[in-house]
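Here the chain labels run A, B, C, D and E in written order, and each chain numbers its own residues starting at 1.
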Amino acid sequence: MAPENWISTFRHGVHPDEHKEGTESLPIERVPFVESYILPLGQHIGAPSVPVVKPKDRVQRGQLIAKPGGFVSTALHSPVTGHVTALANRRNAMGDLVPCILLEADPYATQRFEPRAPVDWRALSSKEFVDQTQMAGLVGMGGAAFPSHVKYVPQEGKPVRFLVVNGCECEPYLTCDHRVMVERSDRVVRGIEILATKLGAEKTVIGVEQNKEDAIEVLQAAAAGAPVPVEVAALKVKYPQGSEKMLIDAVFKTEVPAGKLPLDVGMVVNNVATIAALADWFDHGRPLIDRVLTVSGPAVSRPANLQVPLGTPVRAVLEYCGGLKSETRQVVMGGPMMGSPLSSLDVPVVKGTSGLLAFTDADVFDGDTYTCVKCGRCLDACPNFLNPCMLAKLARAGRIESMDEFYASDCTFCGSCSWACPSGIPISQLIKVARSAMAQRKRKEVRQ
Amino acid sequence: MNNLAWIFISSLLVNNFTLAYFLGLCPFFGVSGRLVTAFRLGLANIFVMVITSLCAWALNTFVLVHAPYLRLISFIVVIASTVQFVEMVIKKLYPALFRALGIFLPLITTNCAILGLALFQTSRGYGLVEGLVFALGGGGGLTLALVLMAGLREDAELSDIPSMIRGTAMNLMIAGILSMAFMGFAGLFSSS
Amino acid sequence: MKVSDPALLLRTAPFLRRNLTTPALMRDVIYALVPVIGASIWFFGVSAILVIVAATAGAMLTEWRFTPEGKGGAALADGSALLTGLLLALTLPPGIPLWMAFLGGVIGIGLGKLVWGGLGHNLFNPALVGRAFLQAAFPTVLTTWALHGGPSDFLAVRGANLAFPLLQGGVDAVTTATPLSMMKFDHNAVPAAALFLGNTAGSLGETSGVLILLSGIYLTVRRMFDWRIPAGVLLAAAIFSGILFLVAPDRYPTPLFTILSGGLLFGTVFMATDPVTSPLSPRGAWIFGAGIGFLVVLIRVFGGLPEGVMYAILLMNGATPLIERAVQPRPFGRGKHR
Amino acid sequence: MAERDGGDIYREFAKGLWKENPVFVQVLGMCPMLAVTNSAINAVAMAAATMFVLVGSSFLVSLLRKVIPKQVRISTYIIIIATFVTLADFTLQALSPSVHKELGAFIALIVVNCLILGRQEAFASRNGVLLSVLDALGMSFGFAIALLCLGSLREILGSGSIFGFSLCGPHFEPWVVMILPPGGFFMLGAILLFFGWWKEMKAKRRDSVTGRVA
Amino acid sequence: MSTPVSIGDGVETPREPGGARMIATLALAGLISGVAIVGVYELTLPTILANRARALKAAVLQVVPGSQTMKPFTLDGGALVEATDDTPVEERIYAAYDEGGNLLGYAIPGEGNGFQDVIELIYGYDPKERKIVGLQVLESRETPGLGDKIRKDAAFVANFDDLSVDPEVVVVKNSHKTKGNEVDAITGATISSKAVVKILNVTNDRWLSHLGEK
């Protein structure tokens, strides 16, 4: 099942306009430090982190400020040198009040991160390696924000054959992974060396879409000099190629069974930025304290790729980019296909924030909706080969219990169906609402 | 087209029991809400029709030549009893089959498709084999209509049918359109 | 620069949409119909215009009047009622009384669409429901074919076009036989070239094979319908009639005749492909198409009627829910075959 | 059974005509109704035969209701009904062979008309003779009204005549579909649709009135 | 619609207590209904038979013009003999005579598949001229307005008033009738027309060779 055909892709999916031309060649800039930072304790999937600092405590840049709150949880580090102002609830991107550590930067500090000596990662046992990664605060930077170390736990009978590095960045507008690959290919390859060695992978494949030719070239050059076997797979441009199961299908022509993980077919998938951050941790002891994101969209004055300290308020990032045009009606955190709409600009950038996009009313979909004409375009779009039309119909009719017959649980909310629907039906949104209603109902049943 | 085949095609499609002769409308409208149920009901119907055809033939040949005036009463009583008896046998021998079909048997025995089958078979003077083919065609036709109807109704349930027509009126309209579509089979294998 | 809070909207992802809307879809099919309409006017003159206007008027007035309050105008704007009316008109004989064409439009939209809840909810093809009703109500009129002609008798009103509503046409019209009825009753095949170009008797829109094919190619290229449906119809019809032809060439028509004659091409390109009433899934589309092709040949060759396209499509519309259940797409990561 | 006054008696009769009309409201007896209503005269003959059977069997069943053991009641009802149907069959055959031919097997099929068995089970087996007969009469008239409605409408549209008398002159173009099977479904569907619309209109009017008061 | 009740519930009950009474009830019901049915049967039978005979006779006399009386015949070992009461209906043909008792021809019933359903007809045959002299369709379910013209269209029926059977009768379309053995099809109902002719030919094959001059 080696990758044979490089210009391959998965089946179905869609191809929205890419809109990457505005930022794809802009080098990563660092945003200046600001006065105050908001660090939610739950920036990842799983249990929230537990604070190890109190108000008024002084903190150094990169210092641990919250420890993992369980195994599926991760550490949190201070993005700045300064002091803790409070442990309090603040709103996150979803609009929920969540516990946060509030920091104030020290205006006089140099804000230099002091690297520590490289860790001899070859000597670490798997358990130590996993623990180390957890303490680095690493989470998936491809958007899911799943604590990375959990993926690295060896599992009985499921050896890792391939490490798959996800450089697809299939969402329109986003170019942050692209820039990371171009500018930090050495970090990516170093991370691959560490991870592939520790996981015992035979080979590593970096999946990159063909619209990032420069990244492919740079990575191929870097891969040639890598101490472990690395291949770069150029993939046809299509959304949602970056979804890990689609990526595996595109590269290896292997379907990860529904309800299973890539590990079940002998693979571990990580985003390029995650891999680079992993290298920084083992080489320099630099935890995850900032990330690269793309600010773009028609309502942004100066689109850019930025390296942003975690916890920076969105407003500050946008101000750095020259602010928003006055017709702005929608600001999205993440990509335009799966991101969350923001109701306030005071929410912070978190580990999973890959982009900040601003749109005017004219740019985002607000067309008339019609009833479904069963055109089948949503079926052709769905990478999971579901029947979105039927799911939406059942959801609309409130027949949530029948949705399982049509595998509602396999939906990844990629939004391809909604994008494709000529009748403007919010299909994935309907499925999402119905699925959470279903989950709620099940929880209630369990409780009773 | 030879006669047996014509009897079969005619009762299955051209003169479909339900859509052209209006026989068995009760199950057709009453039990066509769910596809699986409709299909099982259809199978049970075929089964009862075959028994009915046998009974009717036996009665016609051996009893009613002497007392034609007892036709109706004897049909209804004998068919009902035989079905009941067969039901008991199935229950003993094939419990699984019984669970799938059993609940429908009493319901079917009192519908007019069954009696209609016996009466038509008699009035057309069908013999044993012709009668059996007629029963298979008629039962098959009923099943076909039921299953099509059930599929359509399950889908229509998800539509925005206006409240003033939802229910029986809509089912009648669907049946009418189906019946119209079946007119396309007119004359199938009949001549030329 | 300070950013003040804009009035942010809370829409949910995805925020982008393909720029193709349902009305655009309908419009494209209407464009594709233009050459066919042109041909019908060429062959049948003013009668064609009258019938088309009457049927579309019936369809659109019904849609406008009986769509639940407030939505009437909007419902017309999506163009589907116009399309239904046009398609219905193009399946009617040129000499039909106009009041019947109008009635067909009313029934097509009323019984074929509105009682189901309007656009997208109907399970039978509205245009064909209208036509099937007309054919069942007025079988003689619907099987009476006016002479085709050219531009020379453009202004001649054909058949019973002008009959007073609810009344018969009065004068006996000059009629002729369609290629199909000549085949069925006299075993007399019209040459393929005539069928292809369209100077034969028949419904308004069905006579010119070449224009229908062109429109079909246009729609296929624009991906306005699932190409598997026409492919299935034509393949099944060709194979089934081919087998019959091989068995008894003197009794049965050639596959080419089968495909080019009657409403098969028109029905295949414009009606079998109606997305609303055909299966969604690719395998379903094959089954649906093949079923139509098979039924058409069955009805034409063994049935009482010379033509069976309308009934074949309606019957397969009726079977569509069953087909859909039988061939749901297999979700990613579940089982071997897709 | 408690004593009943005149109002009750009238109500037992009248309910079948409209409020509990067996066809329009309870949707019973569909098969014979759709099969024979392609002309008004057939509808009337069918209605008369049904009335004879229904009233006769209701009378007998309520008379015998205390004697018939529970376990065999249905069988007994069927025998009683079948008897009356056979009687009706022969009588009609003697009186009007042509109508009998038109109605064909459907006279015999009255046996399985659920309206009849339903009334025995639901009413005649629990009530006195007078009330049962009134109930049966009411239901029969309700059935007859529905059949006549359907039969006349189908005949007018389908043949341009009513009871065989031409209504619209010789040039009327009949809607043949109406006397064909689909027409039966459509016409009954249309009537029910009309009632649905009527009900909705009434409800809307009521709402708007009460809305203004509130 | 039929209620979900089992009408056979009396059948398997005799083993239960009170079985005797149930059987007695059923038997009694059966007895009463038997008596009622037989009574009415006896009462109506003469009328019914007379009706049938009258209808048959009317048809026979109509298809053999000028005839006044008739007598049933059947085949016995290839020879034409007078039918007895036991002769099944489908084995009979009818000889028709004028008032002087002279044989005018035979009325022969036939049946076969039409466009929709079975067509039953009877036609008159004149063995002297070897011609069909009249035809009446007794039973058909052909489409009203189209197929039922085989019964109602005078022009079509007139085809059979003087129709040679040598050679076999054939159908021609569009009023192209030129020969004595041709029948003009009804426009729009070619199939029904052909069906009628096919029935004629099949029936002729069966009977004509036995109906030489007598």
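A few comments on the model shown:
Assume a residue touches a chain if its C-beta (ideal position, glycine included) is under 8 Å from a C-beta of that chain, and two chains touch if they have at least 3 such contacts.
Because the structure is a prediction, the values reported are computed rather than measured.
Chains that touch both chain C and chain D: B, E.
Touching chain D and chain E at once are the following chains: B, C. Distance between Cα centroids is largest for the pairing of chain D with A. Using mean Cα coordinates as chain centres, the one most removed from chain E is A.
Ranked by how close its mean Cα position lies to the mean of all protein Cα atoms, the top chain is C. Averaging Cα coordinates per chain places chain A and chain C 49 Å apart. Mean C-alpha positions place chain B and chain E at a centre distance of 27 Å. Rounded to whole angstrom units, the spacing between the C-alpha centres of chain C and chain E is 43. Chain A and chain E have Cα centroids lying 84 Å from one another. Residues of chain D found to touch two or more other chains are 27, 30, 75, 78-79, 82-83, 86, 90, 112, 114, 117, 176-177, 180, 182-183, 186, 193. Residue positions of chain C touching 2 or more other chains, listed in rising order: 111, 115, 117-118, 121, 133, 136, 139, 185, 304.
Within chain A, contacts with two or more other chains are made by residues 371.
By the definition of touch given earlier, these chain pairs are in contact: A-B, A-C, B-C, B-D, B-E, C-D, C-E, D-E. On the side of chain C, the complex with chain B involves touching residues 68, 111-112, 114-118, 121-124, 129, 132-133, 136, 184-185, 295, 298-299, 302-305, 308, 310-312, 314-315, 317-322, 324-325. Across the complex, chain E is touched by residues 27-30, 67-69, 71-72, 74-76, 78-80, 82-83, 86-87, 90-91, 93-94, 97, 101, 112, 114, 117-118, 121, 158-159, 174, 176, 179-180 of chain D. If you check the complex, the residues on chain D that touch chain C are 168, 171-173, 175-178, 180, 182-183, 186, 193. Contacts from chain C toward chain D in the complex involve residues 97, 100, 111, 115, 133, 136-139, 141, 163, 166-168, 170. Of all residues in chain E, those touching chain D in their complex are 1-3, 5-11, 13, 16, 18, 21-22, 25-26, 29-30, 32-33, 36-37, 40-41, 43-45, 47-48, 51-52, 55, 139, 143-146.
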